[in-house]
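Some notes on the structure that comes next.
In order of appearance the chains are A, B, C, D and E, and numbering begins at 1 in each one.
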Amino acid sequence: MHTNLKKHAKKAGQPPGTVIYTGQKRQDDCDITIIDYNQDECTVYEHQKDKACLPFLKSTTNTWININGIHDVELIKFFGEHLQIHPLTLEDIANTTQRPKIEEYPEYLFIVLKMISYNEKTRELDTEQISLIVTTNTVISFQERAGDIFDPLRRRLQNAGSHLRKAAADHLAYAIIDTTIDHYFSVLESISNEIEEVETKLLNDPDNTILHRIHKLKNQMIGLRKTVWPMRELINDFIRSESAFIQKSTHIYLRDAYDHTIQVIDTVETFRDLIAGMLDIYLSNLSNRMNSIMKVLTIIATIFIPLTFITGLYGMNFEHMPELTYPWAYPAVLGFMLLVAGGMLAYFKRRRWL
Amino acid sequence: MHTNLKKHAKKAGQPPGTVIYTGQKRQDDCDITIIDYNQDECTVYEHQKDKACLPFLKSTTNTWININGIHDVELIKFFGEHLQIHPLTLEDIANTTQRPKIEEYPEYLFIVLKMISYNEKTRELDTEQISLIVTTNTVISFQERAGDIFDPLRRRLQNAGSHLRKAAADHLAYAIIDTTIDHYFSVLESISNEIEEVETKLLNDPDNTILHRIHKLKNQMIGLRKTVWPMRELINDFIRSESAFIQKSTHIYLRDAYDHTIQVIDTVETFRDLIAGMLDIYLSNLSNRMNSIMKVLTIIATIFIPLTFITGLYGMNFEHMPELTYPWAYPAVLGFMLLVAGGMLAYFKRRRWL
Amino acid sequence: MHTNLKKHAKKAGQPPGTVIYTGQKRQDDCDITIIDYNQDECTVYEHQKDKACLPFLKSTTNTWININGIHDVELIKFFGEHLQIHPLTLEDIANTTQRPKIEEYPEYLFIVLKMISYNEKTRELDTEQISLIVTTNTVISFQERAGDIFDPLRRRLQNAGSHLRKAAADHLAYAIIDTTIDHYFSVLESISNEIEEVETKLLNDPDNTILHRIHKLKNQMIGLRKTVWPMRELINDFIRSESAFIQKSTHIYLRDAYDHTIQVIDTVETFRDLIAGMLDIYLSNLSNRMNSIMKVLTIIATIFIPLTFITGLYGMNFEHMPELTYPWAYPAVLGFMLLVAGGMLAYFKRRRWL
Amino acid sequence: MHTNLKKHAKKAGQPPGTVIYTGQKRQDDCDITIIDYNQDECTVYEHQKDKACLPFLKSTTNTWININGIHDVELIKFFGEHLQIHPLTLEDIANTTQRPKIEEYPEYLFIVLKMISYNEKTRELDTEQISLIVTTNTVISFQERAGDIFDPLRRRLQNAGSHLRKAAADHLAYAIIDTTIDHYFSVLESISNEIEEVETKLLNDPDNTILHRIHKLKNQMIGLRKTVWPMRELINDFIRSESAFIQKSTHIYLRDAYDHTIQVIDTVETFRDLIAGMLDIYLSNLSNRMNSIMKVLTIIATIFIPLTFITGLYGMNFEHMPELTYPWAYPAVLGFMLLVAGGMLAYFKRRRWL
Amino acid sequence: MHTNLKKHAKKAGQPPGTVIYTGQKRQDDCDITIIDYNQDECTVYEHQKDKACLPFLKSTTNTWININGIHDVELIKFFGEHLQIHPLTLEDIANTTQRPKIEEYPEYLFIVLKMISYNEKTRELDTEQISLIVTTNTVISFQERAGDIFDPLRRRLQNAGSHLRKAAADHLAYAIIDTTIDHYFSVLESISNEIEEVETKLLNDPDNTILHRIHKLKNQMIGLRKTVWPMRELINDFIRSESAFIQKSTHIYLRDAYDHTIQVIDTVETFRDLIAGMLDIYLSNLSNRMNSIMKVLTIIATIFIPLTFITGLYGMNFEHMPELTYPWAYPAVLGFMLLVAGGMLAYFKRRRWL
């Protein structure tokens, strides 16, 4: 987040529409994949150059152009020129600090998505921005990094009978959104595992790392919320949009995707509540442990302090202490001490401290 | 929840409308019951095969087909084909992670309900999904497990004079929803018992299990909220729906059911507040107990530490300590000690520590 | 609440419109009072039988029929038959778990109110349900118990010049609602007394009962909120209703009653905040007391533990301790001890512990 | 508040429109001031009788009649009769428990304001109700007590060039509201002083009075909110009103007054947050102080308890303790003790307790 | 804030439209810069007198007049006269306590912005008010102080190809707003640095200053929220405005600026959550430290108190204590003590205190 703010801050005063890449520095080339399909055929062209895309932009078949890597600003500008894309859109594609949103332009629909992945080892969330340009029969998708979550989509495109093959480009856009949202569930599953693990540890064997794990989960929920709520808005705007690029038949599918985001939001909110509850338990445990520490101290101290006083009493060096000379005095004092200790123990028992 | 997220996660990238059962694995057969009725007659056919349903789907009498068990995906697809049900609906029937909702299709109404039951022994909440397909004169209900909460409904159907017999299929759908909501009250009653029990224990005999019971109740309220609020929306959408399958005369009954969900929500929110209050009391109790432990320690220590110092004083081995030789010195010191102890006790009394 | 949930739960699966009394069991007879009035006359008939009401239902004069006690289900059904009241309304009259609400039927208005009373001795809130059936010139009111809060209303009816005598039945309904709301203020006054009492006790002489009194107040506010907010909705619905039974001239009075409910809600919310503040103070007091206990212990211990160490030092039995033989050693050690103690006290003074 | 609730409670069952003064008992006479003005002239008549107002009510010049003191119920009724004011309005003027509001009647506008003042000595907030009756060219204002916050307004009226002189009566009503709201800022300034004072004291020299001052500020914010939010609604209703008494040209001024109430609300909410933060700091300070007390105790105890044990060891009276006879034993033990104490101190240093 | 309240408070009772400067006292002159531009030319005139602006107000080219310093009330009035600006607007320009807002007048648009800067050394936020008067081809901007954040804007104006040069005055107004908002990101970046620093310190090396830094951050977030939310409203009102001064082509840019404010708000809210989490950690740390202090005390005390009791026992001076004479008694007692200490240590190990 810090890096993004810095980049954003540096843009202050620059004209809107300035295309600046705001993600992490990268050296590798951007990779273009073209999938051209209609009801009858589907061809995949991998590792293409930018100019190879031009014929597909004008063809009557449906085309999905996927670009992995958005650090090549010239590439973004290339598509901007050939598709008459508004400079503000190009700026948003390169700037990875966008919120998920949908924007309607007369020439295209512009959609920004956030894909989330969870690193099981470091227990860190990672966010990646995916931008879509949708026209009647073309979808251009920009991803920050190469990833494999869209592989099942490609396989469905290659399956001649699939609904995806028959439908227009807006259905492909929907499918990309839907796949992204479905991916949230696997992230939530990983987090759910972590929550269960932390909860088990919390109840059985709490230590100092627990607080930091709870704290991290809490911050991750803050981050997830910030991402998921706009996804819901985005799909809602998608449904209510009257853009010519959206077929009526897609509405029912969008409603389904909307239901899924609501489920994601519900789960995130539930996790928040669960995590808040875990923090409460952690703090109660701290208090409980303090109580039990104090109990031990108090029991030991209240038993032995009076006894030590008695031994001190008969350790005094007064010349005239008649008790000291009686032969039965020592055993009597020992007995009295036992009595005192027993009384104390009985008192603690009654107070349920033992 | 965990299991459901896993299942959902695995569906990522699959085409929408893929019918996959996401509940627990089950071996037993799905069980079909057909109740065919009109104002004059009512016949119950139990343990039927799927094909036995076909004639009823086309008859002019009202028919309620209840399927216990949704793990037989083929069965769901069977009804999907014969009733022209949208693949997304079939997917939702089999996928038990749905939120309660109502969806209008030209051919039918699709309703998803959540039934909740409370296991008195384990004090766990259990959620079951019930899906309804409603057409003009047919209701098909899919339950996850066989259950008996709809038995009173069947008896009402067999009662010739009942309003249910005379009304259209939408009234049967209402009756199923209403029965489900009424069942929430019995769950709330059980939870109310548990709350009272915990509260009594909290005030009289708090121990370590209390915190976990409060925590469990809190999490159950989180779960209940997640289920009940969409039920309210569902009925609201039902009332405002302009679907041809809903008779005007049913509105007044739906309004009644709406009032009931509001009562359930009110009660859940009240329980949440009560449980939050119990947690406050628990934590205050912890602090109070700590206070009383510290008081005991402090009283004992502040009385005996100065006394022990005095005994130490006269236990020193200096050769020139004139006090040691006076015969009245020992009793004088004893008396002084009593004075000190008495003064301390008086101080504690004034401070209300005793 | 518990009892009500139980009753409600048992109704699950029964046909809607089943009239079951859900309050506490009662043996005494229901008591009917009829007040027949118009601009010129007003006659009160007490302790009537149900059939005595019939002529009044058809007369052109205004009639207020008040029934104390709703445990006689047959009585409710009797009115239901003669006034063509919908079964759901009859069910709601007998079922005391309703939220305050107004429902419009073509033949009548149905209003449910909650009256609240405060038992000064047990400091308990008591809720009673009042149901009104309003037609053009008849108001039928059902109370759970006989009560005297409507006595001033009767007196106003017997006063020939009162606006109430001249107005239609809807004004009487308004007057009943207004009287009920005004009664909330007297309950709030009692609670305000209790809050002041608890606050005074909290600041001057806090003990263990304080927490339970704060907790009780908090739970009572939870209960009050649950009752008052729907009262506000009810009056709002009343104002916006376009029912033929409501005269335009009554609107201005309803607006006044609406203002009163807002005042009640404001006061309840203010009380909630005050009570939350009291809980904060209680907990701070606990911490403060702990601090002062710890201070006493620490002062005593840190002064005497070093001193006791010194006495121990010269209580050792080594043969070669030259200090022991000097005549000035004992007074020197005593002086040193005084110095140590004085230094400690000065340190505590600087730290503001004394 | 308590007194008001009592008065309100006693009104239960009385007919609406009963004019009862609910403020504190007062003996002094109500004082009437009449200011008659138009673009050319402005005359002030002080200490008038009620009948002196009558000619002005019918004149074509603008008239502001200000009544200090509303405990003379007859006076309120006098104006009620001559201006055809609705009984409910008269009741509201005398009843000082109203919320700020605006009510439109065909014959007049009725506005209730709350003026707040802050007593610097007792640090108490004081609320006073101001009621306005606005017609085309008359404003009648009822104040609970004589006050001087409207003196600048009078001076502006006597200034021939002022916009106020030229405008209709609604502008005078606006000016009264605006002056009242501006007065809130001086109250907020006083509270801001108190907050800064408490914050300084909290950071430098916290004592027991701090908690009560924070608590008082918190309760004052609760009270202010209850007053300010309805002021905002009132002005909003004023702006959207379509009453014939409001000139279009006044709208722009009302919008300005609206902005001011928003600023007051913003400041109150900010103060609430600041005060909540102060409470957090107070509680953290308590914990910090406890920590430092415990540290002192622990350092002293853990250093001297082991040492005292050693002295006890060599204070035992066993006959066969060879160490006691070595001449170097005493210095050796002393040295060992120094070592133990030094080790402890080093340990505390490492733990950053020193 | 305090100063502003004071100034505002003193204005109570004064006629609306009184132009009073409410910022800090300043001696230096106000500085006027005029930038006159159209598609072909752009000329900058620095350090102008007020009268020099007059010709530009009437020219057909676009003009941006920037005034640094608003403490010269006469200057504000000068523009007020020549541009027919409403007195309320002039009052708002001089009064630096405004909330961000947009107001439409027939002759001009009035926009109030808040610019925020962060002082890295004192870690204080500083707020400055910027007011804009926008007509068809003139923008007059009033700044409290000279600042350089608009320098990039000037450079863009001097760049012949820029969109800014070609567009109408409303686009310049947008550019000023956009630059102001972009400046928020650099403030947020600085705060993000401070948050990270505090978090690192909190986890590794918490001390007493931490609480004050967290507290300061919290108060800064309170202040930022108060500023940012109205900025969002302002742009929203700007977009929905139907004023003739706003070109349709500007809408798409305003939508972009709106997205940026949403991002700012999102970040502020996220920071609030993070800071709240840090406070939780701080308090848990306090409790944890208390626990570890208590543990050390308890371990030391519970090991040595019983041992000291034993030494006291054999330090008693009874004549008849046979144990004292046995040669093996001393080593036996030492051994027993070792056993007791070892047992205690084992107990602590089992309890995980070591």
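FYI, a residue touches a chain if its C-beta (ideal position, glycine included) is under 8 Å from a C-beta of that chain, and two chains touch if they have at least 3 such contacts.
Here the structure is a predicted model, which means the values were calculated and not measured.
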Common touching chains of chain E and chain B: A
For chain A paired with chain E, centre-to-centre distance based on mean C-alpha positions, whole Å: 26
For chain A paired with chain C, centre-to-centre distance based on mean C-alpha positions, whole Å: 43
Contacts with two or more other chains, residues of chain C listed in rising order: 287, 290, 294, 297, 301, 305, 308, 312, 315-317, 321
Cyclic chain order when read starting with chain C and heading to chain D: C, D, E, A, B
Of chain D, residues touching chain C in the complex: 1-2, 5-6, 8-17, 86, 88, 97-99, 101, 103, 208, 211-212, 215, 218-219, 222-223, 226, 279, 282-283, 286-287, 289-290, 293-294, 296-297, 300-301, 304-305, 307-308, 311-312, 314-317, 321, 323-327, 329-330, 333
Residues on chain A engaged by chain B in the complex (per definition of touch): 149-153, 156, 162-164, 178-179, 182-183, 185-186, 188-189, 192-193, 196, 203, 252-253, 255-256, 259, 262-263, 266-267, 269-270, 273-274, 277, 280-281, 284, 287-288, 290-291, 294-295, 297-298, 301-302, 305-306, 308-309, 312-313, 315-321, 353
